[in-house]
Structure formats: structure tokens, C-alpha cells
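The structures come next, written out as C-alpha cells.
Common to both upcoming complexes is chain A, partnered first by chain B, then by chain C.
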Partner chain A sequence: MNKYAMNGITLMQYIFLIQGAQVGTGILSLPRVLAENSGTDGWVNILIAWGINCFAGWVILLTLRKYPDFALPDLFAHLFGKWIGKLLLLPLIAYYAFFAWIIMINTMLFIKAWFLPKTPGFLILLLLAIPGYLVVQHGLRVQARYAEFVFYLMMWVPLIFLATLKHGHWLHLLPVLKEGWEPILHGLPKTVFAFAGNEVLFFIYPFLKKKQYAVHGMLIANTMTMFLYLYVTIICFVFYTPDGITTLNQPVLSLLKTIEFRFVERVDMIFLAIYLIVVSRAWNAYIFCTVFSTSFLFKKQDHSSHTFVYFALAIVCVYLVKPTWNQTEHWMTLLSNAGMGIMYALPVLLLVYTSGFEKYRRWKAG
Partner chain B sequence: MKRLLILSAVLLLLTMGYKDKVDIEDISLSLLVGIDLDEENNLVFSSSSPVFSKEAKEKEENYVTEAITMRKSRDEDDKTVMALTTGGKTQVLLIGKRVMQHQDWFKLLEPFLRDPKNTLNVRIVMVDGLSYEVLKYAPKDKPRLPLYLSKLIDTAAKRNICVKTTLQDLRRATFEKGMTASVAELRKDGRLFVTGSALLDEDGRYKLSIEEEENRLLRILQQQTTGEFQFTYKAADQPRGKIFPENAYSFYTDDLSVKMKTDYADDKFKFDIDVKIRVVLSELMFPLDVRKEDKKLAQEIEQQFEKKFDKLIKKVQQAKIDPFGFGLHARAFQYQHWKPVQKRWGETLAKADVKVKVKVDIAAMGTTK
Partner chain C sequence: MFFFSKILNRNRYQQKEAQTKANLPQDQFAKQDSLYQDLSHNIEEVKRLFPSSPDLIIYRFVAGAQKTPVALLYLDGLTDKNSINNHILGPMMQNPPDAKQAMPVPSISGVRTVSTWDDLEAAIFAGESALLLEGQQQAWIYDTKGWPQRAIEDPQLESSLKGAHQGFVETGQQNIALLRRYLPNKQFRIKEQTVGQRGRSKVWILYLEDIAHPEILQELETRIQNVDVDALINTGELAQYIEDDPHSPFPQFIMTERPDSAVSQMLQGRFVVIVDRSPSVIIAPATFTSFFQSVDDYSTRWQIASFIRLLRFTAFMIAMLLPALYIAVISFNYEIIPLQLLLSIAESRASVPFPPLLEAVLMEITLEMMREAGIRLPAPLGQTIGIVGGIVVGQAAVQAGIVSNIMVIIVASTAIASFILPSYDMGMAVRLLRFPMMLLASLFGFIGMVIGFMTLVAHLVALESLGTPYGSPLAPFRWADMKDTFVRLPLSQMTDRPKSARPIQNIRMGKKRPKGDES
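Right, the complex of A and B next:
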């Protein structure tokens, strides 16, 4: 009997959990990062990165399919034994915990840079933490409902961007592949990381009710993310000149700043405030993975106390460290290196190990 | 539930003291900002903010300060202005011609670009003269100057008398290698006049001024065909008339389409531009049976147009600038040839062949025959 069936999630919820984990603050600066590395052909990158991530997600699911009732901690315990399994889990916990923290810090820095420059960072984090705690403490089903609801609630937001199209020059996109493939491949590592989020599959897969649609759901989630990135990137490329887009830190927000409606002047402010709700899905997902694992380590059924501790620690850390933009960017790079391992190397290793493991067991039993 | 209440109480306590609170009474909105260079090449900043007070007789406070940068000038302003100066609502940025004659003056606008609190939608206007002179202008028959000025620019741009360039547009044109910037031009001659547009070169230096007629042609070549395009021409084959002009006629465009072909041959860029215009006559000073002789009139208009387009293009090529954005087309369609010359596009365009072909259709003659 699946011990997670109690908290089972539907396919839609599964899709939006993955998609929510993928879309974070990275999108705000993504067009610049792409333009820096690959010029106006950067958008091609998104398509390639999408392909790579779909493949990686598929590999993750190949492994998980063999153990439909196991989340990553159970899987590790099963494969490597109780103690080594727990030991191997530790770096992963660190990764998920740090990832969630980085997303929150990034968001905090955005808020500080764009509308509350003098408010201390830990206070902003506290404001983010309270709703986050209320959602995460209740287990995955509540969180999944939240993720789905937020998606429907925010569907209209991308339409704002269309208001800038009348100032756009589609000519900026031509010629396609102006410098060949080399600069595109050069920018790939960063774009690939923009899709980070597939690794929550390790934790949410056992909760999925209809496991036969796991691959479909993962593909749909990745495709939605891809279309969102593509949409925002192309609009930014059309609006900004290819020579000038690299001078902006967050082209997406700068773009919104130029929109003026009769009834509202600073669309960027409103957008950022609303977008917080979208990003909250990302850190919630990673925090869930973190506290789920730590509760497993301490053999606790309920992870709400760990969630509380996590948020408290996150706030205290921000209070003590007072992260700056440059620090955070540096941490991001470290994290993306670790992410490469967890998103791509770990699934492959696990797949190879499990097939060997199963063969060994069968051989031993037979 | 109890925990929630405690939490929200704590929250309330914390946020009450948050430090970004600014009361609207404490803000002085610089609706107009001016930048000038005086005779000794010192930068002079000026600003105009509305005064919301029943007791004040003048409803506008104007300050002129010398400072090294715009942010520094805010310091100077705050020493005397009633409240804290902010640039979040600036409507028009007036820049003196003397400033624009120097390379890289665009850097002065840095605080508007860097500080997210400031607006990017401020209109950029070049003043033929001193911008603080304009700022001090307080007409009796107009609303307060910032409102009047922004309205003036917007409506003039609607009729295509000048271009409307916001800071965002200017930033785009400054970074873009394939296009040079153009801004509206203003002169104070007792009253304020929008005289047309000022064209800048790749380093942002002022190069030449164009008036409304050429401005309309500029807009057509930029493929920006919104707004009204009205032209008044004089027919070559009609007598001039003694007192009243007997050879003049006016029309406005009903529909405009611009197609461009970019080629490269004999070490030269070639731009073939096809302009199709459907015109509606709005004034005809000489007798002409439009029903029968519309072809003749259309031909006449075509010739006039082509002549004027050629003149404008020659002028621009001589100044080695590209306000039309032909460079965008060169990059998009002839990237191999564009790449080596992108840093000196102005010079390259000066050598390029630009041909404009105009096709005119007379769509309507109005209510009289």
C-alpha cells in the first residue's frame, strides 16, 4: 500500500507543481542572459534546453517507474541501505534547501531594488515566509492545489506584454542563426538551468494518482514553461535593440516600466507584486522537498514543525548575511553547477544503478 | 488560529515602521527638467514643480542650479524646494542645443535610467536656445506649463510635426548601431513653438533640424505611419496667382504602405523603397476635373514626393546619420556585409544608393467637384 496515497494529487496538480517549480525569478533576467551569450538567436536556446530537460525528466521517471511508491528518501534507503541512504540524502537536502533560499533572496532583492529600497531584507523575507509556511505545512495536496489555483489566477498576466509590441521591431530577430550555432551552444548551460525544477519529480511522483500519465504531465509542464520563456524572450528581443538589451539587468521589468495605461502608470510595480505569487510556487516546491527529506531523516510523519524551522532559519540567515546582488549571483553560479549534477547526472546514475541492482537481486533470488 | 493572530500582530508592528514610507505632501514632483550648458561650459540644471498650496500665488516653483550631475542638482534643489524632489513623474526633459552639440551628453540622463523610481516615459525635447528660459515661461492663456508642454508635444506628434521620443526610445536609438536618434525641437520666440525634429548622430551629437514637411517624410521612411500626414504642394504647371496662391493644393493620406528592399552590390548598400499612398484631397486652388484628370494629378504628386524624398535623403546622407533606421534592414537582410561596417554605419549609408519610388492613388476628392 502506498503510504502517500492519502495525499494523492491529480494530474493537473502534478503538472502545475512541476511548472511552478520551474518558473522563478530567472525569467526576469533571462532575455539578457540569452542575449549576452547568443545575441538575438538566444531564443533558439530555449528550444534546445527544453528538449534536453524533457529528456532528463523522462530519465528520472524511468527510474521512478520501477518504484512507484518511493520518494527519493525511501528510494535511497532501499537501494543503499538505511545509513548510507541517509548519508547520500544530505547533499541533496542541502541543494534543495539552498535553492529555495536563493529564490527567496532573489525575490527579496528584486523587491528591494524596485520598490522598497530601504526596507531591511529579513523583513521582506518574513512577509514571504508567512504565506509560504501556511501553504507548505499542510502537505503536498494543499500545496498542489495552491499551485494549480495560482496558475489559473495568473493566466492573464502575460497579456500585459502585448502592449509593448507596437514599439517593437521584428527586424531585430533577423537573420536567424546570424553567427551560426557556436554562440547558441555557448549560452546553453545557463538556459538549461532556467528549466531547473524537474528534480521535484523525485518527491512528487509517488503522490501522483494516475502514474501512467507521469511522462505526459512532465512534458506538458516543460512545454508550458518553454512557451512562457519563449514568449517573454521574443517580446524583449523585439522591443530592445540587440545592441542595448545587454545593458539592462532585468529587461522584463524595464520593459514593463515603459507601459503606461491611462489608469495605471507603473505596470512594473504591479507586475512584480503579482509575480511574487507565481514565484512563491517555486520556493514552496523546493522547501517541500527539503522538509520532506529532513522529516524522513528524523522519522517524523508530519513536516510542519520542520517547515517552521526552515523559514525561521531562512530569515535569520538573511538577517545575519545581508546578501548583496553580487553574492547572490555568485551563489547562483555555484548552485547551477550543483544543479547540473542533480538534474542530469543523478538520474542517469540512478537508472544505471537500479537496473544493475534489480538484476543482482533477481540473480541472488534465483 | 491563535498563532495566526499573533503572527499578523507581529507583522503589523514590524511593517508600521518600515522605512520606505514617503508622504505625498513631502514630495516635490519635478514635472519638467532642463539641462543647459552656459558660456563657460558649466552644466546648468533646472526644474519646475507644481506647488499645491492655496496660499502660494505662483503655482509653479522653478529652480536653476549649477551642478556636476543631475543627482547632485537634486541636492541643490532640496536645499530650497519645499519638499523632496523626485523624478518619478517627469513629463518633459528639455535639453539645450548647446548640450546636444557635445558627444555623449546622453550620459547625463543616467539617473533616469538607473533609478527604477524615475520614469522612462519622459518626452525628450531639444530646445533651440536655453531650456531654463522655456521653463520660466508662464503663459496666461494656458494651463500650467508641464501640462501644456506635454500636450503640445503629443498633439504635434499626432500631426507628425515633430517626432515624439521618450527616454526609452532615445535609449534604444543610442544603443542601436543601425539607427540614430531624432527628438522633437522647441523654440521660444515670445511663445513656444514646436519647430520640427532635431536629428542626432551616432554619438548623440545634434546634426541637423528638419521642419514638419520633412518630418512627415522621415516618419514615412521610418515606416511609422500612424497619425496624420498632411501635405500642401504647389502645382508646377499652374500660374502662381497674384495675391492668393492659385497653384496650391492640399491632401492628407488615407493609407500609407512602405516596402523596402535591401541589396548589396558593387561594395554599396542599395535600398529600394516603395511607398504607396492613397490620398484624399482637402484643398484645391485651381480648377481641375478630378474625375478625368486624376492620373495627371497623381503623377504630379508622385514627382513632388520623389523630389522631396531625394532631397531629405541627400541631406541626411551628407550629415552621415541614419534617422530612418535603414541599418536595421541592412542587419536583417545583409548581415555579412553589415557586420564589418556596423561601427561606422553613418559613413556607409552616406555612400549607399537609396531610391524611393512613390505611387499615388487619389482615393477621394471631398464633397465638391
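Right, the complex of A and C next:
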């Protein structure tokens, strides 16, 4: 019997959990990163990265399909034995914990830069921790409801960008592939990492009620993220000149700054404040993976105390370290290297290992 | 010497205690479980069982051909004088037409016999009359219940324009009858429970057997069983004992005094809990959006009903966020609003010496005080308070430069918005929640508001009512239920029951629908 059936999630919730984990603060600077590396052909990158990620997600699901009732910690314990499994889990926990922390730090830096320059960082993190704790504390079903609700709540937000289109020049995009494939491939690693989020599959798959749609759900989630990135990137490319865009740190926010309505100036600030709700899904998802694993290590059924400890540690770390933009940038690079391993190498290795493992078991059983 | 005397004293004390202990069982000995044969002995015992009860009437007379001495016991005030005089005493005191009949029979329904003192006591306390006969070890109990009652009238708190003008009253059986009148159906089920050691309130769970989910019924029954208190005075108390999260500001059950809205919820698969002696009933499980619906929505044109629904949701957001938004905008993020508006706000605020939070809290608290004062006062006085508070105080405060004009507009519109919500409990929750929102906005501006909103969403998403998600149909999102959430589509579209109460029978319209009387 599946021990996670009590917290089962629907297909839609599964889709929004994945999509929520993928969309973070990265999107705000994504158009600049793409333009720097690949010029205005950068948007092609998103399509390629989408293809790669869908494939990687499919490989993850191929492994998980063999053990539909196992989350990653159970799977490790099953494959490598109790102790080695736990030992192998440790780097993964570190990755998930660090990832969630980085997303929060990034958000915190944005808030500091745009809203509350004098407020200490740990206080902002404390603010972020309150709703985060309330959601993650309860288990995946509540988190899935949160992700789902936030998605529907925020569906209208991309429409704001359309207001800038009347100033756009579609010529910026042409000709496609003007400099060949090389610059496009150059920017690929960073784009690929913008799709990071598929690795929550390891944890949410056993909760999914209709497992036969797992692949479809993963594809839909990735496609939604892809369309969102593509939409924002193309609008930025159309609005800004190909060189101008690289001078802006967060072209998306600068773009919104140009929008003015009769009743509200500075749409960018409202957008950034509201966007906080969207990003919260991402760190919630990674924190869930972290505390789920740690409570597995300590054999605890309930992960709410671990969630509390996680948030407390996150706040203390910010208090001690006082991270800056440059530091975060550096950590992001480290993280993306680790992410490559976890998103692409680990699934393949696991798939190979499990097929060997199953064959060995069958052979042993005679 | 002193030492000895102490021991002696102690001994004496212990002896005394032993004596009283010895006395007690003697006293208990007199109290035997069942009634005696001897009538006067029985009456002695009754007098001992009801000490200091001047309202207990013991009426002794002789009845029947054999002139048997009998005694009629009842509590004055809890019983219906008419039925006692005409239907018990009348037939019994007249000579029986048939001489062979040993005992005349009162012409009253609901007759039973009891033989233990406990049952007799309970019956008399419940307003029934007990007849004791010489030579009989049992008492005849007649249903003569009749206590002061209120007439059925329009519920004040939830008056409706088009719905029925009958509200629940304080007698549970009558409330059940009011519901039964709407649903003359075999599937209408009632479960009775008794809550309270002293109060012994009867609590009834009403539901439709083929629609309501049995698991939720099970949960509700266990929760009511686990309530162990002295007495239940009101339905609101029961609701707080059985709700899922006692720390949430949101009401987790709908409380209504309207039979028609209770019935419409029963038809959606929900449960109605009636507590005897209380005019409001619990409807469970509730969802967040169900507090934005009213019975009138279904009897007006669907466009109008939809408009009103949307108005309520807008009002909810205004009531909770508008003062906070104002504070955030003028103390932190003034670059957001256009210059013209900013200038007029600045002009109005120029003479105000307080920070925005203080100004807002001052006005909000004044307003809440006026609201609270208005509730308790009789209607003519309440209006005076409204005029004095609203016009005189508001105008004077602005002219004195204590608050700005814009703040008065904001506080007033917030108040109006919070009264639009059809549910009083939800309206109160909103009014309370805007204070933390204002505080967050004054500390962290826009970000504080967003954090407050996220916290609210996180709480609502996690909250459950009797184990069913409170956020449904928003989270978990149910597309089919959207027909009757923010808008109300034509009734012909609503072929299925909403999923949020987990009904076990979905279709409620058309030919394929089970009629509910099969089986």
C-alpha cells in the first residue's frame, strides 16, 4: 500500500507544483542573460532547453515508474541499502536546501533593492518564512493546493506585458539564426538551468494519484514554463534594442517601468510585489524536498518541526552571512553546476543502475 | 502533654469523619433505584429528590371506581396547563363510564411507564407529568411539555428579500419540523445525541442519506460525542468545540437561522446540526466561498445574482486591504500613484499630525465602537448614534485636523464593504484581519501587504472543515463548481451538485436523476 496515498494530489496540482518549482526570480533577468550570450536569437535557446528538460524529466519518470510508491529517499534506501542510501541522500539534501535558500536570498535582494533598502535582510527573510512555514508544514497536499491556487490567481499577470507591444519593433528578431548556431549553444547551459525544477519529480511522483499521466503532466508543466519564458523574452527583445537590453540588469522590470496607466504609475513595483507570491511556490517546493528527506533520515512522520528548523537556520544564515548580489551570482554558478549533475546525470545513472539492479535481483531469485 | 492532646484531637476528628461517613450510606440507603409500592413513601422520596423546588406541583386525589389514591407530579411552567387540566385531570376525576374499568385513562398521547427514580426525575425535568398510583411500582409519564415560546418570525441577522420569512426558534423539535416541511422525503435522516452533563442539550444531525457522505457524518458524530461540558447554551459554543482549527479567525461552519438556506445546503450534501434551545443551526462542512452566497442569489435573475456575488468578493478585498493599501502607498510607495492624486492626498493630509497608521487605527476603532454600540441599542437610539458618530464626529475630526478627508472616505467605504458580506461571522473575521494588514503595511509597505495576503492564502489553503478542504472550489480547484462561485449561472446549467461537500450522488436535475424515494 502506498504510504503517500493519504496526501494524494491531482494531475493539475502535480503540473502546477512542477511549474511552480521552475519559475523563480530567474525570469526577471533571463532576457539579458540570453541577449548577452546569444544575441536576439536567444529565444531559440529556450526551445532547445525545453526539449532537453522534457527529455531529462522523462528519464526521471522512467526510473520512478518502476517504483511508483517510492520517493527518492525510499528509492535510495531500496537500491543502495539503508546506510549507503542515507549517505547518498546527504548531498542531495544539501542541494535542495541550498537551492531553496538561494531563491529566498534572491527574492530578498530584489525586495531590498526595490522596496526596503534599509531593512536588514534577515527581517525580510523572516517575513518570507511566515507564509512559507504555514504552507510547507502541512504536507504536500496543502502545498499542491497552494501552488494550484496561486497559478489561477496570477494568470492575468502576463497580460500586463502586452501593454508594451505597441512600442515594439519586431524587426529586432530578424533574421533568425543570423550568426549561426554557435552563439545559441553558448548560452544554453544558463538557459537550461532556468528550467530547473524537474528534480522535484523525485519527491512528488509517489503522491500523484493518476500515475499514467505523469509524463503528460511533466510535459505540460515544462511547456507552460517554456511558453512563459518565450513570451517574456520575445517581448523584451522586441521592445529593447539588441544592444540596449544587455545594459539592463532586470530587463523585465525595466520594461514594466515604462508602462503607465492613468491610475497607477510604476507598474514594475506592483508587479514585483505580486510576483513574490509566484516565487514563493519555488522555494516552498524545494524546502519540501529538503525537509521530506531530513525527516526520512530521522525517521519522523511529520516534517513540521524540520520545516521550522529549516526556516530558522535560513534566517540565521542570512543574519550571519549578509549575502550580496555578487555572492549570490557566484553561488548560483556553483548551484547550476551541481544542478546539472542532479537534473541530468543522476536520472541517467539511476536508470542504468535500476535496470541492472532489477536484472540482478531476478537472476538471484532464479 | 501537648503531644498527646494533639493525637487525641486528631482521633476525635477522625471519629467525627467516620460518623458522617456512616451517616451518608444511611441516607443513600433510603434512595432505592426503583419506585415503592406505597404512594406516600414515594411522595416523600420525590420531595427529597426535588429539594427547594417550589415549582414542583404534587397534586393528590382519588381516581377510578376503587377510589385509588393517586398523585400527579409536574413542574409548573414547563408543562402545558391546558393538557394537564383537560386531558389528564378531567378524565381521571370523572367517574368512569364503564364500572369494570379499574382505572380511567387520560386522553393524551405519548404515554409510557417508568420504574426508576432516575427516569422519573429526567421525565419531570423535561416537562412531562408523572402519575403515581397507590400500590404500583411504576409511574405513568404523560407528554405535557409546554414552555414559554417565541413565535416564528423573520430572522433579524439574515433578513432576505425574496426568501421565506420564517426563522428557526428555540425549540429543537419545531426547527426539525420547519426543515421537514421543505423536504418530505424518505432520505431525510435525523441522528439524536445528548451533550452536556448538566444541560443535557439534545443535538440533532440532519442530512439526506443518499447525498451526504457517510465519512463526514462519522466524523461529525464522533466530534459531537467527544464534547464533554456542563451545558451547551448556544449553537455557537458547539461549533467552537467541534471545529477543526480553533485558532483560525475564519468561521468554519455556516451558522444560520434560516430554514430555507439550511435546506438548500442539505440538498448539496451538507449536514445541519440543530441544538435544542438555540435558534441558529450549524451547517457543515463549510467552504470559504459558501460564506459569500445567500439564498436570495437563487431566486433573482442570474445576471443580477452574479453581479452581487462579484460585488461581495470585491467588497471582501476592499474591506480587508483598502486601509492597508492606503497606508502602504502614502508611507512607503508613493511613487506608485499618479502625481495628481498624490498631490490631493498630500493636501488633505497636510494638517494631520499623526502617522498614517495611527490615523487609520484611530478612525477604524471609532468606527468599530460605533458599530458595537449600535448593536446593543434599540433601533431609534442606534440611528442617533449613527448620525452623531458618522456625521458629527467625522466632520469635526476632519475640521479639527485630526484625520484627513481621504482617510474618512477610506474608513467609511471599508465599513460599508464589510457589511455587504451576507455572513456576520465572515464579516467580523474580515474586520479583525484588516488590523494586522494595516500594521504590516505600515511596517513594510507593499511587501508587508503581499506577505499578509500570502499568509492568508496559506492559512485558507490548509484549513479544513470537518476534514474537507475549506478553500474548495478554489484550492483544490474545481472547474465544475465555478458555475456557482464567483458568478451564478442560470439554474438550468447547474445539473450537478457542487463537489465541495463530497456528495455521494451527483446529478440533481433531469430525467436520469434518482428521485430519492427508491429503495
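Assume the second predicted complex is superposed on the first by the 366 of 366 C-alpha atoms of A that agree within 3 Å, B and C clash if a C-alpha of one lies under 4 Å from a C-alpha of the other, contacts with A are read in each partner's own complex, and residues count from 1 in each chain.
Going forward, contacts are C-beta pairs under 8 Å (C-beta built on N, C-alpha and C of every residue); 3 or more make two chains touch, one makes a residue touch a chain.
Computed from a prediction, not measured in an experiment: that's the story for all the values here.
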- State whether A:M12 touches chain B only (first), chain C only (second), both chains, or neither. second
- Between chain B (first) and chain C (second), which, if any, makes contact with A:T119: first, second, both or neither? both
- With the two complexes superposed on chain A, say which partner A:T324 touches: chain B (first), chain C (second), both, or neither. neither
- Touching A:T241 in the superposition: chain B (first), chain C (second), both, neither? first
- Message: Looking at A:I277 after the superposition, I want to know if it touches chain B, chain C, both of them or none. Which is it: first, second, both, neither?
- Response: second
- Once the shared chain is lined up, is A:L171 touching chain B (first), chain C (second), both, or neither of them? first
- Message: After the superposition on A, what does A:S355 contact: first (chain B), second (chain C), both or neither?
- Response: neither
- Task: Quick one: classify A:N337 as touching chain B (first), chain C (second), both or neither.
- Result: neither
- Task: Please work out whether A:Y152 is in contact with chain B alone, chain C alone, both, or neither, and reply first, second, both or neither.
- Result: second
- Which chain A residues contact chain B in one complex and chain C in the other? 115-116, 119, 127, 130, 134, 265
- Message: Can you tell me which positions in chain A touch chain C when the two form their complex?
- Response: 10, 12-13, 111, 115-116, 119, 124, 127-128, 130-132, 134-135, 137-138, 142, 144-146, 148-150, 152-153, 262-266, 269-270, 273-274, 276-277, 280
- Hey, which residues of chain C end up touching chain A in the complex? 332-333, 335-339, 341, 444-451, 453-455, 457-459, 461-462, 469, 471, 474-477
- In their shared complex, chain B is touched by residues of chain A numbered 113-120, 123, 126-127, 130, 134, 167, 169, 171-172, 174-175, 178, 240-241, 243-244, 247, 253-254, 257-258, 260, 265, 268
- In the complex, chain B touches chain A at residues 4, 7, 11, 14-15, 18-20, 116, 119-121, 166, 168-169, 171-172, 174-177, 179, 325, 328-329, 331-333, 335
